[in-house]
């Protein structure tokens, strides 16, 4: 039975070799040489240092195209025209599925036809040297962003390739992203990824790790997201990770979002060992966007405003073309600049909103319930506790495509637009908290003159893309 | 007599929210929905269609690989002996593609109807009723008078 | 000497006839027939009623093109694609200058070449029937927006033409807009406009009047804007206006903007007679915009957010092309929808920010100082008081192009981004208030390690267009 | 020896903020600025240029009627005997026009330089120094060594 213990060095080496055998480009990884390579990188490309020393939120977009030259050009553009502080490299879906052969074919097609036959950058196929070419060509730190349940080879290659930040985690890159991997399996995979990051860290190359906070992006109650961040943070810390960026996806209610980001930071400091530097990342609205760039800019504007008030260390921006598909680079840069303008205009202002502390306390209480459930079930072992909690539905993620989560929790907004829980399933939550949510939701149901039902949930899922925060019944108008 | 539809997200795609909404909407509209969930293979669609004698197969794809994932799909259905309507919907192209071109691509792949991601579930239900020649007004009249 | 007294009916008639003699289209005005025409308009085209009964902020763009058919098309587009609740008709600059002959030539050129040879709709030249064609063709209430010091003929024609709302006032359409008209002259002109609106009002056709709150649009201290609104409101009320929309232009600091809108509404209720229905309008940032549509969307987003918190009755939107020139209709509609999305997502949330009440009190105290100065100097007569106060610089508007204002007041932002006064000139303000401003500004100067000077003012003027709220010295970076 | 520039907003235009900034910037750069304010006629520009023996006439226009307002301006200057550089800047076209076309239009009207509204005052100062053959470095060197 897998436990929350650091992978021993020899075991690390054994897995590393096995993983690198999966695909020819794995051969080019040489840890010692890679450490030296990282040491040769200039200070402004050291991801953890740049992020941790910033005094205002840094902005980062999402972006990945199959060909190396195109990716270089795209990132340079986002850095210059978009004024991005941190750059991403989003990996294609085949690589995420470990279907390296399909990714290779896609890359070939892309090279032959010039068309983007993949939805991201196939880093494994580009190999260590391809990655380094990218790192050298662009003038800011770059993170690997993906969604890969088994990211071991991807980590080995991209770390050796000079990337110093790596998104994901065993829960956050499993539950929302796949139905093909068990949780025990992904935890084991990610222990390796974190252990490898830890090995670099030990040698002075602090690889930044970023659990994916938004989960399914769709009305995720803050405490669920934060609990997952804390668990993934703890697992990573065990393996030696020392730079952790905990994530959270905007729900759209300013008070709740600001409160959640504060709770995330405070609980992160509290739960994670002292030697870990904790930073936070705020994702602009991750759910369905309006099918209209002008309206999408409104959603982005609200995100920027929230970020200015909450002051996370990093903001992942959306583009006005989010609804439609992978954005043009111009639209991507526009999302960055719109966000930048709002943040820069609002961040020097003292904007203290009533009720943030109260909401933060509620979120913290909820999160503690979930964390207690994990610790209790695992008898102190986070891995066991996590497996058992998910198995029992004591920990759960709404709209989960994965069988590893019960998926019984259903969220809905209260009358103020805060995300509450309508169906609890077996979620480990105090009755008192359940009553608070229940009261808030029945207040809304009364206001709308209808029952609490899946209809309400479905309306809330569509609301922002239809121009509102709360999915009110249509025939009753705006109020 | 209720009609059965098979619903799922094809390929490696795990975007589940759309089909969750669609499942509810089609059920509420009186269909029997077999929801295969995300990351469903062509074969799984075919098997389910046969097993449940489905009137329609509803394929969802959001992540931009729909075209690759659907190549040969209608051959697989045919070999399995499936004779159902096939709809596809969601976000069917990578990037900011022209919708008419996208629709044409999927029509040529064999789908009876192609829906973009602005589609309201009600529109898809109306289309299916029409294609299956269920007149909703008649159905409603029957319900009312029964 | 002109006083704040209602123009007697016979005098009204005399001026009316004289004014209508200025230009051939004046002949077509027939008051009785016009009242009947207004009565024939459907409820949803009655401006005052629609505005006063709304339960959420209504959105209105700016828009005017020379040709009638184009203007109809433009307004229909903004109503449909932009989802504007209220529509504008912005008048061209020649008509504003009473240069009707030049406007006629421009209109002719526009008709012949199809090019927009005028920067607005020459309503006087289109005449009563042209205006009515417009009112009938579009499906929402329409306001005349202009900037005309002597708007008497424009009012006579557009009121008869079916418009039920008319922007401007003797101060707000003089001081920021021209250097060619004395204040006594414009007050007299606007007494006529208001009296005419009052005459319609008496007959049941409540013409909505909207003093132009943003004034020069450039760092106008809220109390100055509010004082001008109250004065123009009082003058209008005297002449029989019963539907008044007091305006305010966003300064960009959320607390100050929300406080100012509250002060505007409260003081409006307090100072204006009970029989006047007071509403408020919030103008999205009226100063220099960023030369980048993406950043401009950020400015618009902050405006929408502020509106959602302050809940004015109406919002005048900007377009992302504000910097460049008159926007395309698409950009204009986009500005509307971006604003709409932010407002609709935020307005159902309870967002109570600390310090709003304190700032509101400060603004009210300042406004009372200015109003007292006006009443004192006029011995109770607002007209006399206004003339003398402006003459003495006791009332003043920053960046005034007009010699009617001393233009000695210089504003600058404090360290929180609120607009304070750096140079008072002869502004009638309590010493205690001056000290408060002084302290805030010296706090900023200290933070920036520089003196308070015109350089600071100039930096603040450029700041938003350069991406920030506060014009910090450039070499010192962002913080 | 300080050089004199005449500055003003032409036509019926009352946008005063830009020239307020420009006045300060040109003064700070050592020029003698005669600021005519807003709504200045062609004749007023010419008179001021003659009266102050100006080296340059700086015309500002923001409101979109610049072209109409400037027609014949250089004839008026010439008849008054003004032989000064002429610059124009601001927002020179109605609507979202192409800048190159706009620049050409005003060059043809006789302006020596045409500036868009993104112009930093420093750029205009640098251009004027160049056109008047004041080398700022030399000037600075003189100041430093004097």
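In this document, chain identifiers A, B, C and D correspond to the written order of the chains, with residue numbering beginning at 1 in each.
The rule is short, and it goes like this: a residue touches a chain if its C-beta (ideal position, glycine included) is under 8 Å from a C-beta of that chain, and two chains touch if they have at least 3 such contacts.
The chain lineup, named per UniProt: A, C = Glutamate mutase epsilon subunit; B, D = Glutamate mutase sigma subunit.
None of the values given here were measured: they were computed from a predicted structure.
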Leaving out chain C but moving nothing else, do the remaining chains stay as one piece, and if not, how do they split? A, B | D
Gap in Å, rounded to a whole number, between the CA centres of chain C and chain B: 54
Separation of mean Cα positions, chain C and chain A [Å, integer]: 45
Averaged over CA atoms, how far is the centre of chain C from the centre of chain D? Could you give it in whole Å? 30
The positions of chain C in contact with two or more other chains are none
Do you know which chain D residues sit against two or more other chains? none
Touching pairs of chains in this structure are A-B, A-C, C-D
Within their complex, chain A touches chain C through residues 55-56, 252-255, 290, 292-302, 304-305, 333-342, 344-346, 348-355, 415-417, 464, 467-470, 478-479
Touching chain B in the complex, chain A uses residues 93-94, 96-97, 99, 116, 119, 176-180, 216, 218, 287-288, 291, 321, 323-328, 331, 399-402, 454, 458, 461-462
Listed in rising order, chain D residues that touch chain C in their complex are 9, 12-17, 20-21, 24-25, 37-39, 63-65, 68, 91, 93-97, 117-118
